[in-house]
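The two complexes that follow have subunit A in common; it is paired with subunit B in the first and with subunit C in the second.
This part shows the complex of A and B:
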């Protein structure tokens, strides 16, 4: 590739105007496990595949969906360790905001601050960009919101989005199925069906993770039993 | 070259301009304004199911009561509360900071906070500041290891006790505890004892007063009883207002109209572009 001379140094633009390291980071994201999010009229649902490398791994010790504040949750596609670091930083920023203003941080503010952290790592020496894209789901005074944050630090608000391996099929499926007046339960069913589309093997409560937030503004991850109930409804 | 000194704006940092004036005032006997202290009676005791914390609600600045109903029982975690005595700003800032740290810790570990965690965070902070952060605290809560009650002194030392009192009214409250406390109190008995201890502080110590606040913490449950007892209820002034018995007599009326002085301004030049 003509860009290969510029692909090693993050802080150097290539002649075509791209930062090749960020492109590579997006590739890392694209080869990660599928995750998706759907914004319903009265809440948001985010979901991801939880394919473990071997049956010997204790799946209860792995939690891919994390909560950043009581009313904001996040899921990722890409490198798990990078995700952990970002979640830790974001939680601290949310807590600092709360200490300063004595109000829970609005979703857009937290997304902005997380994106700023990710952007820092694209313009500093000796570091590499984060190899994750995040889907942030939150419910605040402005209602339910869903944001995607990329390794470059850019963020977008979505009605429904997907990332990872099966992104094009998943997005097509979501485009067909999405309606503006969807309820949270319908959104969960749609999310499960979308995951099922590209799922290799038997889908069950133990190899997917779903997080929801409703009008009660309390983000929570569904237990495997609850997921099994939803799966049964979908069949 | 003229030797006149030019007034330069301050470059930042502390301005020592008023120090001489303050020194002069102090020599003449004028006292600087004092900061707000909580004077205070705060207590805690362990009963059979958990911990009860109690506090009065008077905040003083010198000899003036500046808040008749302030909150001295601070939230630290869903299962941990902390009473604060000493400088009000210090107790509030330090409990707020440790509250924040405990919240982050809960996110990272996914577990309920322990009382000893809050204790260690508080005492390390206070020790670091060598007693300049004047916060004397009674920390109590129930976690997986059971109910705990600790006192923390401004310099950073701590005690672990079944019953504790702090503040200017601590001796009055401790007298009540020492005579009536026993292990295995029920919730009713515990609440009554705490109220008695706080009331002892309220009525016998000048730095404590007004109402009694309580917080009862048990495993998985907490009750924050704000103004549980109001022994100093303030009866308000009569709504009818005051009537004066004797009307004022008018002796002389003299009206002097002021001269009107009106300046006529000619249409001035339009503003230059």
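This part shows the complex of A and C:
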């Protein structure tokens, strides 16, 4: 990239003090499919819509919720391919930490390093910012944690948050429904209800994805059947 | 003469009941000439973690500085002290990075882990960890130290008895080694306090 014509940073300041590329990246996120996360007293749940472009797509091959380490999972809103790149980099960073310290990486450290990668792409030559916002859910010695990471590289810890298309309605709904002493199962129900709020069409185990992590510190994605069970409880 | 025997050293760490002791000799030599009789081989990483470095003194000093640097950054980033096991893994990784041009040191790491459980380990100059439940030794006097510790060690010693045992083992071993000696430096660490004591032995 050194002597190419694009060796300058494409993310430059506007006169109003904003980085327009990052604003546009956030727009890309805002038009992505809704995703949300809720931190319960004994775990974290993250969920997203899984609207596929056609009924011919094999929905079992699409996995939007990924795990970065056995005890940290992540979901996104925005551009899928950018998400895949970030997950790959984060997994490598988590493993490097483990190789050095023989300890699983704390959630805050992994979030910090992922955010640092995203920030790099707002200040390097010839690259564009990532078009995703991440919701990172983890359980470590400090308990359950939920972080949002934006294209700019800023990260926030949330009790509950939403991103993507239906963000304002979803956040209002969450604000009303959230309680500090929620159990993980309640949180899953609340997550489903929040997704249902803005869902176009019939919600089912095949067009949403839910990932949970509890005190067992094992992140897992629920199977479509398990989601159907939760949906039945919510009806 | 081997590079590990250039400066001379003796290090021992021993486990007691909810406490540990780490001790070293005080001689710094250049082959057969004694240069200093107050050389510090054991350093504190944090209140519950001590590191002793035997072998070539210049490498011991540099390695110590590198480790303090890494630990301080860790403390700033993670807002907590490193656990002894974590620190041992870090030392091992750092030493292996220099696999084909190593630090000529043998570290001895001793600390109190979670639940105040004592942790000791040693490793060779390229980072092969050796965990032990009772004692670990390093330095030019290591063979004598192995023998002395093996016969004098008892499980679950209280801090005072542990201090006596470690001191006797150290002094009797360095007496049989011309490159280490000139007294001893003993740290006995319990969950509440760190006792540092200087031993007077045969000053030769």
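The rule we apply is simple: the second predicted complex is superposed on the first by the 224 of 235 C-alpha atoms of A that agree within 3 Å, B and C clash if a C-alpha of one lies under 4 Å from a C-alpha of the other, contacts with A are read in each partner's own complex, and residues count from 1 in each chain.
The rule is simple: contacts are C-beta pairs under 8 Å (C-beta built on N, C-alpha and C of every residue); 3 or more make two chains touch, one makes a residue touch a chain.
Only a predicted model underlies this, so the values are computations on that prediction, with no experimental measurement involved.
Chemist: Looking at the overlay, what does A:109 touch: subunit B (first), subunit C (second), both, or neither?
Modeler: Touch partner of A:109: subunit C, not subunit B.
Chemist: Just to be sure I read the superposition right, which of the two partners does A:67 touch: subunit B = first, subunit C = second, or both, or neither?
Modeler: first
Chemist: Would you check which partner chain A:88 touches, where first means subunit B only, second means subunit C only, and both and neither mean what they say?
Modeler: After superposing on A, A:88 lies in contact with subunit B but is clear of subunit C.
Chemist: Is A:59 touching anything from subunit B or subunit C once the two structures are fitted on A? First, second, both or neither.
Modeler: A:59 sits against neither subunit B nor subunit C.
Chemist: After superposition on the shared chain, which partner residues are touched by A:99: those of subunit B (first), subunit C (second), both, or neither?
Modeler: Both partners, subunit B and subunit C.
Chemist: Return the residues of subunit A at which the contacts from subunit B and from subunit C coincide.
Modeler: Looking at subunit A, the two contact sets intersect at 99.
Chemist: Would you tell me which residues of subunit A are touching subunit B in their complex?
Modeler: That would be residues 67-68, 88, 91-92, 95-96, 98-99 of subunit A.
Chemist: Mind listing the subunit A positions that touch subunit C in their complex?
Modeler: 99-103, 106, 108-109, 112
Chemist: Which residues of subunit B touch subunit A once you look at their complex with the stated criterion?
Modeler: 96-97, 100, 103-104, 107-108
Chemist: If we count contacts the way the header does, which residues on subunit C are in touch with subunit A in the complex?
Modeler: Touching subunit A from subunit C are residues 77-78, 83, 85-86, 89-90, 93.
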